[in-house]
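As structure tokens, here come the structures.
The following pair of complexes shares a single chain, chain A, combined with chain B in the former and chain C in the latter.
Here is the complex of A and B:
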């Protein structure tokens, strides 16, 4: 597989997003930093509610209003801070240089317009294409995502397509404007294995051809293993470990990362007993003092109860940017044991 | 736990009519959702159904639950044809076979307290006193890892994983012998998934229950099941123990399906068998072996003409495969 990874294209620094609720102000995104290079795929994993989608929406400045608001941090894209951009400038970025596939394909396609209408609209908005050739561009875009007989399909409405096909159409819309960065929020959860694998193969092909950078949000470690170069593990609104994909799988430093990996059954061998993380993540308004994972952590020590651990670099053979927020890393040989 | 059979499908078909026209509706065809299934499952075992979307897994589960009536064939539970049951025998069946479905958000009535949701089967099928019901509810809530005090709460006060626990509790309340589980964990996130899978394993151990499990995630089926049935267009194309099937799948369709599953480590690569063409329509399934138009290993014209029957794969004791290569 020929894949070339270039310079950093998107750098998220200490991003903070607040949520105003009737029980007070909360922080679903609480100091998230991420880094994405050209042609690279970054996976974001973590339990439901840990802030993955909110992070993606915060990057694009489309958090649910008025309840949520990005309140701090920088989103550096090609050397400019997107947080300083006007709404009009951001509109040009969204669906232009940075495009997003939403968690639910039903919501991203409009049921009252034809597929062709929606794809041409996306192209017209962001590319300089003469009106009369819009439709042929749309047909090309659909062909690119392997929609069979795209000349016919452009006349269809979303309800006339299967779930897998709708997913591919939203994919076509997202990439029809030749974005530099694609943020895909669980684009394949509704798909069965065969169609999922087709969709992922397609994304990889497009990436190889265009050097697209991808942020892939998912619960699925199979997707992480197969698609991602780097991984950020989120817990309760913060990144708790990040690093190259192999380091995350082979030498996870944060006990939470290991716990997640051990919770997933594999078809490759029989496991007698799966690990389950006891309890649940803390509620946004009820984060404990010290490390937020400590109540569920088998390795917690007294100081975990008082001080939130800083990001500590893992000293490993890969010599990489592998870091985790866990006091255990003060012992530089620490790797979270298998069980 | 005994080894006798609890569930049996004999030549079961379910065809849904497709009607056209509003006033003078006429039948325009049939969806062959389930198209001739034979299977048998022993007490205390777990059988998983796998296959592409639309291959008939849910319809098979609904037939065992009496939510669908077969077009042909019989579904037997404990030696009785479930679609012929009446009176006391039907009541007994309703307490012995229970179900848990995929969606913990919509399967619970939002206006009912957990106590009433969980007790429903008891109230309908048994005449028990209030305090007997309350004791039983408290017991099953403990069984699924909830607190008896939570009986007074409403579903919206629970997380997704907790709601699935409530759904399992209401299935357990009548001491069932068999649970039909249709994608019980696929709407849940990784950590809750493993909690629920472990809970189901423990309950099966504790009460010797039989599970019929529908799951599209192959890792889940390997972890949960003893037996695996691979379905394609309404038929079982391979049927064996989980270990035998994952070790050596025989049917070309099973091989392709397994090869599409994502490996669990970045260094592992699977040689993916890419199937060309869309899934054929169950309205007009192909002749002979219904997989022949997509099969990369087609044996010859026999595949287009003769429907392969499930038979023992050579050199095995209980690995069944429907394919002309064997």
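Here is the complex of A and C:
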């Protein structure tokens, strides 16, 4: 079942999103760069509030209006910068070429419209199919995500379905128009464990069948290990480390990544207590000079207080593309000590 | 759905029964009708004769049962003020005028209030929202009778564009409908605004945008249908306001409806007519609420399927 990974399909460069609040202008997304190839799954991890969802919404240009606004960077999709697209062009991208599944299945379907209506709406918007056969396409999409008896289910309303089933319907909406990229924003956080693993398996199957590229947002490293080819670790609105999943797990370079991995309980390490990272990420309105992680970092040095570290390549066994924003990487022999 | 309907119909009947008790009780508390019927110098003996003739000397529960029995046959007694007319007949003569004006006021209020409410929510904190707030503030601060008088003075007396009073064509309805409806516009608008704001915060609205749904459709289809649920339930209340409000507005504009009839009947202590008016208002109010609840079930499938088996996957 080896996946075939192709050319870069989505390249996010230095994406910046501002948020206007009554305490001033903040940057929940502050220079995020990501790269996704065809058929690949990119995981985005990070603590709550680090800007994962906002990054995803910024890619599609659907940030909460009028408070938030994408103010800088590029979103290169198939060689074109989505940031230069008109609203009308973007509507064709949204749900058509790039679709998204949201976190909470209980609230992400409209309660007053039928399942069938909500799936056919997407199809009618993006695919050139006659009105008559819309419903049969919707039924196909539901069948693809393993909704039992989809012919009956299309007449149901969301409140008649379980959470796991609703999340499948969201999935059906997302894949119904054969997108190139699927952004899944913690799609399984609200589901219980067995339903969760079924859902993840389903996503992988669809990916194998269609060559879909996936951006998987989560704070669960177990899911990352299970699903992803590459990982981007976000901290306070920026990516601080990224690389192939093996490299991140085996040789994390950024002290923050290490700390996150340490906070994951595992069966084989008999953790007595859940390790949690001491301290708080800097507030959106109060970014310190130098590295934003230095207040919590056990390895902080004087230079960390003056300049934000650039992305430095980690020369390690897992090969290329592994970079981390930490001054320590200038010393090529440095490996984050296990704690 | 069927169980819901049956439940609502039974509930309506019980309400109606309770109202009949209240109406009957209140009309007896408002003074002895015989005092109004007889000249001041009538002797107690004469009064007793009249009381007996009208059955007013019987125990109250007997009077009530007789009242109900007759009411069910459509007989609410004869008018005391208008000889030769039945109480219900008087109401039926006047009801179309009230329904015409009230219906007009409700339709106009809705057509104005809902779009303003939605647009105020969409443009929250901007100029349009402030404009909406002003409309609401004025509507809720100004008493309808005063508004009616000001409207007459401005548009009928001063500029002479609308007639001052009476029933007639469209131009006769404009001023009373504004006086009657402005408060409703304000209430409905604020309700629509807040429920739209709440709905727009939902994940399914975000998902609609992420699906590529055009913004106008997100607002007027995805959001409005959900946002309409709260204002819709309020319609029952509005219909009540319109009817009770008709008493004042019809008096100000000399609109010959049931509201004006109520005032005339009260002045004459014509209690069969008063009873008939109040009972009619109650029946209309209850029927309107029943219709609203049925519509409500159509808009919100969670109500409609409440008693269905939850089909689990």
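Everything below uses one rule, namely that the second predicted complex is superposed on the first by the 332 of 339 C-alpha atoms of A that agree within 3 Å, B and C clash if a C-alpha of one lies under 4 Å from a C-alpha of the other, contacts with A are read in each partner's own complex, and residues count from 1 in each chain.
Criterion: a residue touches a chain if its C-beta (ideal position, glycine included) is under 8 Å from a C-beta of that chain, and two chains touch if they have at least 3 such contacts.
Not measured: the values here are computed from a predicted model.
K.L.:
Does the superposition put A:293 against chain B (first), chain C (second), both, or neither?
P.N.:
Touch partners of A:293: none, neither chain B nor chain C.
K.L.:
Looking at A:110, would you say it contacts chain B, chain C, both, or neither? Reply first, second, both or neither.
P.N.:
In the superposed model, A:110 contacts chain C only, not chain B.
K.L.:
Scan A:122 for contacts with chain B and chain C and give back first, second, both or neither.
P.N.:
second
K.L.:
In the overlaid three-chain picture, which partner chain does A:235 touch, first (chain B) or second (chain C), both, or neither?
P.N.:
So A:235 meets neither chain B nor chain C here.
K.L.:
Touch check for A:327: first (chain B), second (chain C), both, or neither?
P.N.:
neither
K.L.:
Let me test your reading of the model: by the given contact rule, A:199 touches which partner, first (chain B), second (chain C), both or neither?
P.N.:
In the superposed model, A:199 contacts neither chain B nor chain C.
K.L.:
Return first, second, both or neither, reflecting whether A:148 touches chain B, chain C, both chains, or no partner chain.
P.N.:
In the superposition, A:148 contacts both chain B and chain C.
K.L.:
Look at A:249 in the shared chain and tell me whether it touches chain B only, chain C only, both, or neither; answer first, second, both or neither.
P.N.:
Only chain B is touched by A:249; chain C is not.
K.L.:
Mind sorting out which residues of chain A both chain B and chain C touch, each in its own complex?
P.N.:
148, 162, 164
K.L.:
In the complex of these two chains, what residues of chain A are touching chain B?
P.N.:
Within the complex, chain A contacts chain B at residues 47-48, 148, 162-164, 191-197, 200-201, 219-223, 225-226, 245-246, 249, 259-260, 263-271, 273-277, 280.
K.L.:
Applying the document's contact rule, which stretches of chain B touch chain A when the two form their complex?
P.N.:
It comes out as residues 52-53, 159-161, 188-195, 197-198, 216-224, 242-243, 246, 256-258, 260-268, 272, 275, 278.
K.L.:
Of all residues in chain C, which touch chain A in the complex?
P.N.:
202-204, 206-215, 222, 225-226, 299-302, 305, 308, 310-313
K.L.:
Could you list, by residue number, the parts of chain A that touch chain C in their complex?
P.N.:
57, 60, 62, 87, 91-96, 99-100, 102-104, 107-114, 121-122, 125-126, 147-148, 156-157, 159-162, 164-165, 170, 173
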